[in-house]
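The next part holds the structures, each set out as structure tokens.
In what follows, subunit A forms one complex with subunit B and a second complex with subunit C.
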Partner chain A sequence: MNIRSQISMVFHLDKCIGCHTCSVACKNIWTDRKGTEYMWWNNVETKPGTGFPTRWEDQEKYRGGWEKDGDSVRLKSTGKARIIPNIFHNPSLPSMDDYYEPWTYDYQNLFNAPAGDDQPTALPKSMVTGEYIDIESGPNWDDDLGGSSLYAKNDPNLESLTEEQKQQLFEIERLVLFYFPRICNHCLNPACVASCPSGALYKRGEDGIVLVDQERCRGWRSCVAACPYKKTYYNWTSGKSEKCILCFPRLETGQAPACFHSCVGRIRYLGVLLYDADKIEEMASKTDRELVNAQREMILDPFDPKVIEMAKANGIHEHTIQAAQESPVYKFVKVWKMALPPHIEYRTFPMLFYVPPMLPVISSLDGEARKNMAEGLFPEFDQARVPIEFLSSLFTAGDGEKMRYVLKKQMAVRTWRRAVTVGDISKETAEKMLIAADCTIAEAEGIYHLTSIATLEDRFVIPPAHREEAIEMMDDPLEYKQHAGFGFRDKPTRGL
Partner chain B sequence: MRIPYFISGLIFLTSAVGYAQNSPEQYFQTNCQACHTIGGGKLIGPDLKDVETRQTREWLINWITDPASVLASGDPYAAKILIEANNVPMVPSPGINAELAARLLDYILEIATSGTPVVAYIPPTFTPEDIVIGKAIFLGKQKLTNTGPPCVSCHQVNSLSGLGGGKLGVNLTDVYFRLGEARGLTNWLKAPPTVTMSPVFADHPLTDEEIVELMAFFKNEGETTNAPTLASVANFILYGILGTILLFVLIGSIWSGRFTAVRKPMIAASKHTKSTIQG
Partner chain C sequence: MKTFNFVLYGIFPYIAIFIFIFFSIYRYTRRGYSYSSLSSQFLENRIHFWALVPFHFGIIFIFLGHLVAFLLPTYILSWNSDLTRLYILEISAFMGGLFTLMGMLAIFIRRWTNPRAKIVTSRMDWIVLTLIMIQVLSGLGTAVFNSWGSSWFTAVANPYLMSLLRMDPQVGFIAPLPWMIQLHIMGAWLTLFLFPFSRLVHILVVPNPYLWRKPQMVRWNWNPKKRFI
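The block that comes next holds the complex of A and B.
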């Protein structure tokens, strides 16, 4: 066993209101420099939708991630034969149009325009060329199904649906959407790191954050092609690639990353997971349907004395182990099995997990009376407006059973809490539902607590980085012990 | 094309060591005899019978080991013999060093003083068939008996149309007259002494018949064609341009659709389907 620690994340999609506060917080801190205007290290997509860049999930085009190769995996984007003809221009990279041409507005015109018959306007101006442009698309152009007949219809996940399901999905009264906020997944088996010809990308040993060394990056853009989530970006001014750094300067000082901290819906959870790095290759080369369980198997129990002993032997600090024991991510992913990785079939083992959204209650107005379309609180899964197949395509490599398990558990917990607080459902019925959903009352209370009334400290369990100890590896802190102290800014002169 | 040169380079590197260990007699036969005789009269280069009366041994050793530098230094005697040799410069000898050069001079002195009788040279007669076979050999249509590479892979003659022959070696149109007609060329072809050709043909020598046939062809070439024709030059350019266009068309068709956008085609496709529904 080769135990490592990883700062991991859970996004609770049922709580996301799609306000883009996370994106703006990130943009203001990290990507408002020249050359980074088009980058959204954090972005919020509407699903169904094509996302950012357009149709990033279409790996036939973008060739991101890994593919199975016997008992191992190989990069889809590159290989000995592919690298030569594509070395100077990789055809699987997204073009600027597939992201969008970043723009600003000519605000000065509002103040400087000469007197005229009409109000002056601020025309959009390209931030790349400085010319006036017609805006054709943006990073969230299809927000709230803004372009459903075009963008939502071309969501690659719809391919798993039948024609009938697709038609129902776009009926005007059944139209449905949910939000899908995305940041770098800081994967266990990162394709971007593996693809870099300069060795500029690396996964930090102490917390698993994936970073691009700006000194070593030579702008090959292999990482942009290799990342199946398209979360590394090429800075066209510096000629280097950049990506989400999980706000490591904030983490090291005990603060949650900016997008987590600013989240209005409090959908984001952050905590440590311990995993066995020796198993990555074996687990990554399993079949698509086995991957979700394979990743869970790699994540280790931080209460197991043997795991603790091995972790300490591997240099993991006891405070980190303690954080792993309190980690909300561990509970969601491993104990409750409610959080699922996005597109696990790309085989990078993303360490950002999603609690899939509950299906909205369907009701309609029948004359004067409001009518629920289902008997109970929630509709049956098969009548759901978002088909199970769609969610499974996103989160379980098409395995509907795993998706049903998660949704059933969420539904049981809600029913249980309704029985407790409202009382219009009997506790016996609720308990039966819990048992059917592989859940106990204690577990249901735990899920309720972390979902609904969790505090900042519950949601973000950040291990102390112990930089003061790390520095001892390179410098002796006692070296200047007898040098520093009281002194003079100017040489003292005596007398007149 | 590259592989034979790579191999010949290897052969050269390994054989260079071997040359140095051979006896001066063998070395003379393989490397000098093509251009020089000892008491047999001038071939391409001068007769070496009284060579040490014309220059000092020191000068000669310098000349043998590095003729190019001596020529470049503007030595008047070296310039004189270059003109006498139809401007065919003394070729650098494979694996030569000062010690071997001294042994060669000893050998030349020994032969010159021993009075070995010189066999008179009888030039061969060329038939029209020889010219035809010689051309076939030159073009590689008829394989060489000892599996040497055909001349055309490195050499050109002006009468060839199309892309012509190889451009690595010299143009051989007037080689028959340049290298001392039948006698000089026979010697040359028996054991080509240049650094490039020697290792290639050392183990794959031409047979006597092949030499006669090739010489017939070269003689005919030298007599009939003098300068590259305008047509052959134009052809070369034309084939070059055509080949380039063909290459680009081929690359274009193999890699058509290599750079494809995602969003714009998606919008175009959806507009198309919409209009068909309405129409």
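The block that comes next holds the complex of A and C.
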């Protein structure tokens, strides 16, 4: 066993209101530089929708992630020897047109325009070329199903639906959507790291954050093609790739990442998971349907004395182990089995999990919902407005049972709390529902607490980084006296 | 004229080689961030394939040909002793050159006509592109007008390069050559001279360890084996 710790995340989709505060917080801190204007390390997509970049889930086109190769896995794009013939032109690299050309407006024209008969306008101007452009699309162009006949209809997840289901989904009075906020998943088996010809991408040993070493990146762009979530971006000015850094400077000082901290709906949870790094290859090679459980199996019980002992032997700090025990992510993912990884079939083992949204599923039953509860306890999820196949295609590699399990549990907890606070449902019925949903009263209270009334400290359990023990601190500080310090000593300007 | 030739072919090569080695290392160690392929595929992805692929494969083929001719001249000569084989070698080399030329033309068109690609093309990029274009054209011209270069290379360029290596430059091998070949040789030294100051440095960081390393990379802030608590 090779125990490592990983900062992991849960996004509770049932609570996301799609306000994009996370995206803006991230953009303001990290990607307002030249060459990064088009990047959205954090973005919020509308589902059904094509996302950012357009149709990123279509791995026939983008060839991201891993594919099974006998007892092991291999990169779908350009792993190992296949990089050689493809290094001059990456065949699966998205271009700026798959994202959008960033623009600003010619505001000066409002002031400088010569006197005339009509109002001066601020024309859109490309932030790449500086020329005037016609905007055809932008980030989040399909927000709230905007242009759904173009975007939502082309959601790759709809492929798992029957024609009838698809038609129902787009009936005007039954239209339904939910939000899907995305950041880098800081995967356990990151395809971006495995694809980097320069070895510039790496996973930090202490917390599993995946970073790009800007000094070593040579701009081969393999990571952009290899990441199935398209969460590594190419900075066209500096000629280097960049990605979400999980705000590690904030994490190291005990603050939650900016997108987490600013989240209005408080949908985000962050905590430590302990996992067995020796199992990655074996688990990544399982069949699609086994993957969700395989990933859960890799995540270890931080209360198990054996695990604690092994973790300590592996150099994991006791404060980290303590944080792992209090981790909200551990509860959501492993104990309650409510949080699911996005597109686990890409085999990267994303460490950002989602509690699937419940509302669009049952709201279709409107008045009937209660009646259903009384009789069969649970509403018929298969009759729901968002077909269960759609959600399963996103979160369980098509396994509807796992999705039903989560929805049932959420439903049962909700009913239980209604029985407690409103009382128009009998506690017996609610308890029956809990039992049917594989849930106890204590568990239901725990889920309710963490979902609805959790404090900042409950949601973000950040282990101390203990930088005072870092390698650089083991060197003699006097040796570095009057030096320029660590890290960048030059301006990160484009090479000649 | 004699001194001029000596400066050009006897002294400048040493300067170029020195500049190449010194500044490439300097830039790698002290300004490592500036090493990048500076790809613009992201900005323009259509002509890119037809430009970059033929150019790179062509020029690598041609470069290897030059290298083999320099390192194994006797082998080339004995290969060329048969006329059919000489034709095969010359024709394939010429095809390689044409391939490179096609790529170069596409690169020029792409960088000039696509506004996005143009914006990321620096002055040095244009200089290097022009220089390589001159190399390709003069190389092809030499193949046409002063044919069987694969054979006479061993009698002219080899002794010259060897004399450079022996620190006893024999300019006499080069000075009487036709102007096109002289241009080609001069262009080579100039390219070497500009190498560390241009995007050409990406050649030095071709990713070779990638093929042997483990798929996943982990870096530690602290050495877990060296914990002092």
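As a convention for this text, the second predicted complex is superposed on the first by the 446 of 496 C-alpha atoms of A that agree within 3 Å, B and C clash if a C-alpha of one lies under 4 Å from a C-alpha of the other, contacts with A are read in each partner's own complex, and residues count from 1 in each chain.
The rule is short, and it goes like this: a contact is a pair of C-beta atoms (placed from the backbone, for glycine too) under 8 Å apart; a residue touches a chain by one contact, two chains touch by 3 or more.
Please read these numbers as outputs of a predicted model, since none were measured by experiment.
Student: Just from the overlay, do subunit B and subunit C fit on subunit A, or is there a clash?
Tutor: clash
Student: In the superposed arrangement, which partner chain does A:Lys61 touch: subunit B (first), subunit C (second), both, or neither?
Tutor: After superposition on chain A, A:Lys61 lies in contact with subunit B alone.
Student: Go through the superposed model and pick first if A:Ser95 touches only subunit B, second if only subunit C, both, or neither.
Tutor: After superposing on A, A:Ser95 lies in contact with both subunit B and subunit C.
Student: What is the contact status of A:Pro53 with respect to subunit B (first) and subunit C (second): first, second, both, or neither?
Tutor: Only subunit B; A:Pro53 stays clear of subunit C.
Student: Touching A:Thr232, do we find subunit B (first), subunit C (second), both, or neither?
Tutor: neither
Student: Would you check which partner chain A:Pro190 touches, where first means subunit B only, second means subunit C only, and both and neither mean what they say?
Tutor: It touches subunit C, and subunit B stays clear.
Student: Scan A:Thr396 for contacts with subunit B and subunit C and give back first, second, both or neither.
Tutor: neither
Student: For A:Thr415, using the defined touch cut-off, is the partner it touches subunit B, subunit C, both, or neither? Pick first, second, both or neither.
Tutor: Neither subunit B nor subunit C is touched by A:Thr415.
Student: Who touches more of subunit A, subunit B or subunit C?
Tutor: Comparing subunit B with subunit C, the partner touching more subunit A residues is C.
Student: Quick one: which of 23-31, 113-121, 167-175 or 203-211 on subunit B sits on top of subunit C after the fit?
Tutor: Clashing stretch: 167-175.
Student: Which subunit A residues come up in both lists, the one for subunit B and the one for subunit C?
Tutor: The answer is residues 89, 94-95, 97 of subunit A.
Student: Across the complex, what residues on subunit C touch subunit A?
Tutor: For this pair, the touching residues of subunit C are 31-45, 48-49, 52-53, 55-57, 115-116, 118-120, 122, 124, 197-199, 201-202, 205, 207, 209-211, 213, 215-229.
Student: Can you list the subunit B residues touching subunit A in their complex?
Tutor: Residues in contact with subunit A: 255, 258-264, 266-267, 270, 274.
Student: Spell out the part of subunit A that touches subunit B in their complex, as residue ranges.
Tutor: Against subunit B, the touching part of subunit A is residues 50, 53-55, 58, 61, 85, 89, 91, 94-95, 97-98, 137, 149-150, 153-154.
Student: Using the touch definition up top, name the residues of subunit A that touch subunit C in the complex.
Tutor: Its residues touching subunit C are 79-81, 83, 87-90, 93-97, 101, 128-131, 189-190, 193-194, 196-199, 201-206, 214-221, 224, 234, 236-240, 280, 314-315, 466-467, 469-471, 474, 488, 490, 492-496.
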